[in-house]
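One structure is given here, and the rest of the page talks about it.
Chain naming follows the written order as A, B, C and D, and within any one chain the residues start at number 1.
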Amino acid sequence: MSLGARSQGEVILDVRNISLSFGGVKALTDISFDIRNQEIRSIIGPNGAGKSSMLNCINGVYTPQQGSITFRGQTFAHMNPRRVAEMGVARTFQNLALFRGMNVIENLMAGRNLKMRSNLFQQALNIGFARREEVEHRRFVEGIIDFLEIQPYRKMAVGKLPYGLQKRVDLGRALAMEPQVLLLDEPMAGMNVEEKQDMCRFILDVNDQFGTTIVLIEHDMGVVMDISDRVVVLDYGKKIGDGTPDEVRENPDVIRAYLGTSN
Amino acid sequence: MSFVPTWERQTDMGFFLETLIGGLMSGILYSLVALGFVLIYKASGVFNFAQGAMVLFSALAMARLAEWIPHWFGFQNLVLANILAFIGALMIMVVVAWLIEKLVLGRLVNQEGITLLMATLGITYFLDGFGQLLFGAEIYKIDVGMPKEPIFLLEHMFQGGILVNQEDLAATVVAAALVAGLAMFFQYTVTGRALRAVADDHQAAQSIGIPLDRIWVIVWSVAGFVALVAGVIWGSKLGVQFSLSLIALKALPVVILGGLTSVPGAIIGGLLIGVGEKLSEVFIGPMLGGGIEIWFAYVLALFFLLIRPQGLFGEKIIDRV
Amino acid sequence: MKKPMNTFTMAATLAGLALSMSLSGAAAAAAADAKEQFFPVLSYRTGAYAPNGIPFANGYVDYLKYVNTKGGINGVKVTYEECETGYATDKGVECYERLKGKNATVFQSLSTGITFALTEKVPNDKIPLITAGYGRSESADGMVFKWNFPLTGTYWDAADVLIQHLGKKEGGLDKLAGKKVALVYHDSPFGKEPIPLLQERSKLNGFELILLPVAPPGVEQKSTWLQVRQSRPDYVLLWGWGVMNSTAIKEAVATGYPREKMYGVWWAGAEPDVKDVGDAAKGYNALALQHGAEPDAKIVKDILRDVHGKGQGTGAPEEVGQVLYMRGLSAAMLAVEGVKRAQERFGKGKVMTGEQARWGYENLALDQKKLDALGFAGVMRPISTSCADHRGAGWARVHTWSGKKWEFTSDWYEASEMIIKPMVKAAADKYAAEKKIERRSPQDCQS
Amino acid sequence: MFYRENGQFKTSYAADQQIFPVMQDRLAVLGLLVLAFVAVPALAPEYLFRAILIPFLILSLAALGLNVLVGYCGQISLGTGGLMAVGAYGAYNILVRIDGVPLIVALLMGGVFAALVGVLFGIPSLRIRGLYLAVATLAAQFFCDWSFLRIKWLTNYSSSGSVSVAGLNVFGWSVDTPAEKYLLCLLLVCLFALITKNLIRGHIGREWMAIRDMDVAAAVIGIRPVYAKLSAFAVSSFIIGVAGALWGFVFLGSWEPAAFNIDRSFQLLFMIIIGGLGSVMGSFFGAAFIVVLPILLDQGAVALGFDTAIASHLTLMIFGSLIVFFLIAEPHGLARLWAVGKEKLRLWPFPH
């Protein structure tokens, strides 16, 4: 895969001058960056830099006080989660946000909710259409289960799964939405090396096979520098760097932020 | 010959004030019961539905002991009897608190709020049954010698004056004093601070060596004490009888209005609800056929919540993902 | 999802069945051969209404015991079983179902709610339902309510008598014109029963009727009495039960409303209502359902001697003769007398079925002589029921709390037929229409 | 040994998605349906029907409805009694105001009214959460109680405010013997149990559970909280309303608002907590436990010769302690115990 080519892809998500604060506390200050089609775009920065808040703004979970987000030419002052999802943006969560009361299949099926059409009465009576629809989406979900290699855990309550697998299910739920843009919030946090390798493989495969644009928040610099096309660096809610991994690596502000001002 | 007042026709203003005062008076009592809820919720995250049952139980204990103690020790001094009965009832409530902690809450740590709520409902049943079994189910009298007759204020200002009942007045003073005292206790005493620490963060509190279980026993004892005082006030007013346990329902809108975790919330909420329901019943009620004050209190609370979902003084909830 | 439910309940319910059968089976069997007349007793000795429920139940049971000391009903031994309803309708229904299977003679629920529910059930089970002084006022019409017997008076009688008394106080019903009468009532069917009649009366006599509902159980009345103070009624009628009564009187004291101007229904005129108010309640009036507190009645002396004297007493002896105790006592007496009457037709010394007992209640003829013989001289007045009139009498008088005890302060009034009869008929017809039932035919009355 | 699913291979997703994937379960359920529909009506005595089975069925239906809201959608409600009242009085009004309307229609309309009111009082749930919501729903409870006491039109101007219904008749089948009433309730209960089961394994059910488990994540994958919560309120209230109508029509026959007072709300909440939140069968367990236990205790205590007062005090105490005990022993309710038992049985006699 040639980095250059993808970075040239047209901009599908453009974040402009986003500022967000809770009460007095400023979480994000005037952040701007863009995301190109099919690239892997990483957001890095120390804890509390505002990375997750950034994703929450894109998802419409938080409403920024200023700024706009442009998705495929449409510009929004603030998003609402439903609309974002309909536009094909999926998301995994930093500290797991799985539906603990459900098993793996149900979690993934939940990811299909936007695609399911049968109404309450059809489901209540479980008549033809509702039933067919259920089966057809189950087939799709089984595809994802195979892709993520979690067949043995289908019927297990997600709460009972080991952490690494839960992360996979989280990814699976996002994939079930057939997203164009996939926001990954520290998908490898707390994983051992093998698990990380698996996760990397999945991310890259998703990016290759389905041409899904990936926005990645990750602490593991090795991973980030390996797989990202471009990287945004946040610190204390401000953008201090943006560019290819090499550019970022050279950026003095970034170095200061990570290594402290000592050198 | 019983006392017959000369009611002159009142000015509307006078009557309005009278209703307002009446509302404030019941309000402060609601605050008192609500405080019981808040104390326990803050310290142990339990929404203690048994508060009402505790009021009944303690009042029953007080009333009956006041009857029995003179029998047992053969003296006829009402004051002494009441004092001893009060102490006795208080000790009983402490034991109850201790048992509740040991047998119930101690074994339900880290359960969901709803489970704990249900547990306290179980406790409610138990106390209702046990109280009536122990002390009887008839109507009993607590006579702390409160004056019963009304007095008239500001008669020179409003024709007909403003009727205020001395007993309510006394009750209000006691309740207000207690409420203030508890607020102090929370702010300034070591135990109070410990309680707040526990309320804010169980683990942290434990890690700095605050013994949770003992704190809980203390809190429940304090709640028991509050219940006892409320029981005595209402009991001496209405007579001690099963229905006292229904006070809990009066305090619920108060606690959600004020915010489950806020002492000042309980106080202000109580006054708001008290005034709100009296004014509504007296001035809106007649148009709707009366009897609206119960649901009015809840609807009032509901509307406050729609504006501030965490109650007037509760902590704000921010979603973190 | 039936699986767990069934296995689980079947187990549990069968156990329950086993228990209840073991209890009832014996009794029922016994009743059959050994001559025993079974009286179910629905009582409430717990909950918000216990203070009033207990003395009533004690009186009821004491009388049944007393009958046995006198050799039963013409030699038929009286048996009974209590069931605690807690004044709750569904519990009452459960009790009814539990006890009716044991050849129950007659039910008395002492609860308007339970009465309503049982009214639907007794016709199928062919068990009469006595509601002496409560229940549906329209059930006085025996042509529609074949199995209901609101003996000695309904709430409409009560309300009517109260107004008559107020009229007398004012020196003539016409003097009531322009006066204000406030009804402070238990916000439930019980409390709402009198409203239609009072409205009728207020049209007739031109007084203004103010309705002040009190939410059950009635511990919260502050705003009610604020309204009383605001509207300054000439009289307050108190339609309460349980703790509501004492609370009302206390609030009256607190707002300084003269107790002399307060008149309670006959369920708001007993010792539990006033005793813990004591002197402050002095002057408070209430209706007496014929009897009041009757410490000197012959029957009371007999019971103290033959029941309590033999250590058989149900409650405390000092409670014997109190108002609600007497209420229970007379209720039991009526139940027993009905059976006696039925025996006159279906065979002396036989055990009566519910159906036969019903005839007895429909043809009660308790004249003064019989009552005196029973020891109820001065306690009750003659009652004679008929197919059309299941009420039998509409007598009542007023008694007043002296601060120590209840004393009669009026002579007898009789509820005015000309007002009540048409109302009963109309209400009964409405009920019949709703339930799609026919009025009984004259020959049915012979049965 | 006999309870094993070895060799029962699912060849289609449809087969894997049915309610009882294990063949033995299907047989057992079939057997028990036969028992419930044929054997019980034939054998059970009147007392069992009128005092235990009918109330049990009706209350399990209500519990089922409440479980949809609390157990599956995670919205605590204490307004259940009020909604039952809406169902009962709604059905009553349909019956008396529209001539010759079939009973079933009246009952279902009762459910519809309840659903409307339920949605109305569900709206705050969009802003208010947890215990705050629970207490707020009491507004519904008290308001409903009040309106049926005060608004004469709703009780068809009956002088006392309590109403009663004429002989029940379902499409020519006149339901008057206890057994028939039992069957009517049983039919409806089975029907609604099936419907509920379908809903919660369909995507609407998953939306409810998603909201319950993690509402933010649910929103992010495109679930609208408004729709999910209000639909849960609607479905739940509908079932509760039908249950209320049955309680009035079939069990009581004549009732007053007090029959649906706040105690009923708590009783139902108990049922689903004890029985198991988010479990259809749990609703039945809970109902059985709460309906049967007090009666057993009461009769037991009386049988042991306590007088009725003491008996019912003891009943209260034991009942209360048992509730606490169950919460401590198995916070997830009887349904969980059942599931665990089944799991054991599946592996028996081999421990693993």
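As a working rule, contacts are C-beta pairs under 8 Å (C-beta built on N, C-alpha and C of every residue); 3 or more make two chains touch, one makes a residue touch a chain.
Everything numeric here is computed off the predicted structure, so don't read it as measured data.
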Subunit C reached from subunit B - shortest hop count over touching chains: 1
Pair of chains whose C-beta contact count is the highest in the structure: C-D
Greatest separation from subunit C - chain, by CA centre: A
Between subunit D and subunit C, distance of the C-alpha-averaged centres to the nearest whole Å: 35
Averaged-CA centre spacing for the pair subunit B and subunit A, given as whole angstrom: 50
Approximate Å spacing (C-alpha centroids) for the pair subunit A, subunit C: 73
Intercentroid distance (Cα basis), subunit D paired with subunit A, Å: 41
Residue numbers of subunit A (touch at least two other chains): 61, 93, 97
Sites on subunit B at which at least two other chains make contact: 132, 137, 289-291, 294, 319, 321
Subunit C residues counted as touching two or more neighbouring chains: 45-46, 50, 54, 187, 213
Subunit C contact footprint on subunit B (complex, rising order): 1-5, 7, 9-10, 15, 18-19, 22, 26, 132, 137-141, 148-150, 163, 165, 167-168, 234, 237-239, 241-244, 246, 250, 277-278, 281-282, 285-286, 289-291, 293-294
Contacting residues of subunit C [partner subunit B, same complex]: 45-48, 50-51, 54, 187, 211-215, 217-220, 222-224, 226-227, 229-230, 232, 242-243, 246-247, 250, 253-256, 258-260, 272, 276, 279-283
In the complex, subunit D residues that touch subunit C: 19, 25, 28-29, 32-33, 35-36, 40, 44-48, 50-53, 55-56, 60, 96, 149-150, 158-162, 164-167, 176, 190, 193, 197, 251-259, 263, 280-281, 284-285, 287-289, 292-293, 295-296, 298-300, 302-303, 307-309, 311-313, 316, 334-335, 338
Subunit C residues within the subunit D interface of the complex: 1-10, 12-13, 15-17, 19-24, 43, 45-46, 50, 54, 82-84, 86, 88-90, 93-94, 97-98, 101, 112-113, 116-117, 119-121, 124, 136-138, 187-190, 192-193, 195-196, 213, 216, 427, 430-431, 434-436
Contacting residues of subunit B [partner subunit D, same complex]: 47, 103-104, 107-108, 111-115, 117-119, 121-130, 132-133, 137, 249, 252-253, 255-256, 260, 288-292, 294-295, 298-299, 301-302, 305-306, 309-311, 317, 319, 321
